[in-house]
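In what follows, subunit A forms one complex with subunit B and a second complex with subunit C.
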Partner chain A sequence: MTEVKAGPVPYIYVCTRMRVRKSKLIPREEYLRMLNMGLSEITRFVEETQYKKEIDELATAFHGIDLIEIALSWNLAKEYQNIQKITPGTLKDLTRAYLRRWDIQNILTIIRGKLHGERPGKIKEVLVPAGELDKAFLDRMIEEPSPERIIESLKGKAEYPLLSRLFEGGVREELLPKAENELYKQFYADLIEMARSGIKGGRQFLDYLTLDIDITNIRNMFRFRADQSGDDIMNVAIPGGTISPQMMQRLLQIKDRNEFIDALVPLIKTRVLRELLETLREEKSIREIEIDLIKVQIAEMETMSKLHPFSIHPILAYLEMKKYEIFNLRALARGKESNLSPDRIRGYLVI
Partner chain B sequence: MADAATAVAATEMTVEMIKASQLGMKALGAGLAVGLTGIATGIAEMAIGSAAVGATAENKDVFGLVLLLTVIPETIVIFGLVVSLLLLF
Partner chain C sequence: MALRDIKPTRSELINLKKRIALSERGYKILKMKRDGLILEFFKVLEQAKDTRGDLNERYESAQAMMAVANTVEGAIGVKAAAFSVQQEPDIKVASKNIMGVVVPEIESSKVRKGLNERGYGILGTTSVIDETALSFEELVEAIIRSAEIETTMKKLLDEIESTKRRVNALEFKVIPELTEARDFIKMRLDEMEREELFRLKKIKARNV
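Up next is the complex of A and B:
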């Protein structure tokens, strides 16, 4: 069969599929209903949605919270792998590059698990093989006897040069946060380089990256302000957004909240983000601020996907919304497991 | 001399010749009306069709609806056909 590779057709096809998938995500009202359900009812409800296959497959081996958590991770990984298969041309390259963040998460999870002496089965349960490193590769990594061997197994992958340099003198727990920060910085630097390389659709991808970096940097600034631990923001600041790491350092020296927001708002170009920052003048917990920032990011991605309906934006918007659906269901299940009140759980949901 | 003779011959076209020429022009116009609107319909259906296939791949229930949406640009070529028929008859 001839495959149509040129022209707008493959873009329209895949972007429409993403829109339909987005319409199938769990709506806000259902989350509100689930807040009043028990864990078993939530499991049953989830089983009736697009998670049925995973729940049915895993129901014999797991139950309760484990069943929901693993089914959700499997579903997310499968969904992301499937999207990589159906996206055409440069959209596939951009989607793959974006999904590399899951590789970083998986690598760090495996190294942490090994350092804490967790059994391979337990580590496997928390992995989400949604990126370039597939399930078989991650399984081989888990079976490696030591963290050093895990890093060696990454030879040829984008993360290897940085990890081998950082852990030259052996893998130690205290080096992991630094490795995490450096990996994400490198990840964003690679993505920006790719977006600026003249690749088709790179401009739209760069718009998304700027938004993502801005949101991450603002979140980190609020965390630093709340934490007051004296760590240097330069360690976590991601270059490439509208606020430079040096500017972040200067902004963090402002102690008064209102003055901090006054100085921050003019630097931001996104209108909804500026509006949100205005609302943050009143005292809010760091968790509330984080949830608000996520909501703004999703809203802005939705706007971008409407402005550029046949670009990378509808795909990224769906990928992010799917991620937060899983995030919400996990928060609900964990909250119910820990007997938290519905109001408390609601505070953790991105709805 | 030869050019003058040609000019004289051209001005002496018969009624039959003029009628035949008009008929030819009509046929050409009718052909263009159907051909160009056909191309326009094709372009319009390309986008709708690929979106329709995408939507059907995710949700088979929408097949009937998207089929209907896909053929809506057919009206363009039908207009072209009507114009061409009016031209010819």
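Up next is the complex of A and C:
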């Protein structure tokens, strides 16, 4: 492929490819059809689609539902790695930065697995190398003899300074939740800093980040409300959205649901999100709320990608939609395996 | 007690009478204890039924939540979250006394935890993991409650069984045998008294 170094051409090229890939994602009607299929039919369906290659590769090591799930995760990881390769210029930097969330997940899984004395093979099964740290790097991390050495192996990576500071006196399990929350907060802080650094396309990226942070913060407020343990939300509140962590803390003091929504809605700038919040006045399970929030996020990302067709938005929209395709297929297969009713499974699908 | 081993003496009769009185008193007390234990057992049985029902319900609900968690998060997400479990509940077993039966009193450290205490980060997980963790915490609490009550019930049952054996032994073996021995001695003493009287009459008749 001839690489075009300047001008809008590479952006047009990659954004068009994203739109083509998006059109190849499984449509809503297929999911509805799959709800009435048995597990073996779903397995065959998955095997006959773009996931065939991964299923064939893994068929010797895994079988049944585990094979499907791991093949789906591998496909996601490969797809994300592939997108990082084809994305040019600043879009590549933004995409790579956005995919760093998978690195956080993988690093924490490896550290936790090591602390629990899990076999390297078992830890490897639960990793999704979709971020900057590729499969070979993660394999080397798994082979490290101790969690401290795992952290040392991250020298030079974005996560290293925070982890080395937190675990200065050795890796302790009770510090892991704090490390996880801090890593995600730092991840968002880094992305915001990057978006505000004057980078091309940074403004659009910032719009997405604000939406993502708002949705994550709202979801967590509902989780804390459902938990009723009175825990402090400041540890998990992500700065950079339209609601400040202090405001989140104040909002959580409001016990009545209607009053809570009354206070929350005026703070939100996104219209669809405000509309969704209005519908949450009636009792809904926390899972339903989460699914509704995800749907709003995807819909809003679609709108953004139409408004800015040659920006980071079409890429982010595709990455998220691909993630939820994997999520839906896995939910269908696992739901069928657990004998959940089609209606119940449908409630967990993002369609 | 074989009758041939019994010495038909007055002192033996007095001893036997004392033993019968003691056995009868013991029998009455043990019978009362047995009845008391049975009453206590029925009370515990009701609690055990409730806790077992609760345990079954929570087990079903935990299993259902696990199915949902596998559906939503996948086995990968569930396993990754399971790596976060930091500590097992600290169980302390003390004992208490119910009518002489030593039964356990189980105390556990707090099983149910807040969102921030569960060991996984909030930002990297979804509410399904919260709900699954909560349902398993509730299951562990139900197991601990059930363990205390069901062990109490089993200990009470063992004690009722052994008390019942003692009551039956006293009622159908010890007391009847002692009564029989007492009657035998009485009969022998009466006979000896009659022989003595007869002998005296004979001597008196010869002297006259």
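By definition in this document, the second predicted complex is superposed on the first by the 349 of 351 C-alpha atoms of A that agree within 3 Å, B and C clash if a C-alpha of one lies under 4 Å from a C-alpha of the other, contacts with A are read in each partner's own complex, and residues count from 1 in each chain.
Here is the rule we go by: contacts are C-beta pairs under 8 Å (C-beta built on N, C-alpha and C of every residue); 3 or more make two chains touch, one makes a residue touch a chain.
These numbers come from a predicted model, not from an experiment.
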Task: Which superposed partner A:Leu108 touches (first subunit B, second subunit C, both, neither) - done: second
Task: Touching partner for A:Ile12 - first (subunit B), second (subunit C), both, neither - done: first
Open item on the list: With both complexes superposed on chain A, which partner does A:Ala189 reach: first (subunit B), second (subunit C), both or neither?
Closed with: neither
TODO: Applying the touch criterion given at the start, work out whether A:Met234 contacts subunit B, subunit C, both or neither, answering first, second, both or neither.
DONE: neither
Task: Partner with the higher number of touched subunit A residues, subunit C or subunit B - done: C
Open item on the list: Quick check for you: in the superposed arrangement, does A:Val20 touch first (subunit B), second (subunit C), both or neither?
Closed with: first
- [ ] Figure out whether A:Leu32 sits in contact with subunit B (first) or subunit C (second), or with both, or with neither.
- [x] neither
Open item on the list: After the superposition on A, what does A:Pro177 contact: first (subunit B), second (subunit C), both or neither?
Closed with: second
Task: Parts of subunit A lying in touch with subunit C, wherever the complex brings them together - done: 65-66, 69-70, 73, 104-105, 108-109, 112-113, 115-116, 118, 125-126, 128, 173-174, 176-181, 183-185, 216, 219-220, 222-224, 226-227, 229-232, 235-236, 238, 286-287, 290, 327, 330-331, 334-335, 337-340, 345, 348
Open item on the list: Help me check something: in the complex, which residues belonging to subunit A touch subunit B?
Closed with: 7-10, 12-17, 20-21, 24
- [ ] Under the touch definition given earlier, write down the residues of subunit C that touch subunit A in their complex.
- [x] 67-68, 70-72, 74-76, 79-80, 83-84, 86, 113-124, 126-128, 130-131
Task: Interface residues, subunit B side, partner subunit A - complex - done: 46-47, 50-51, 53-55, 57-59
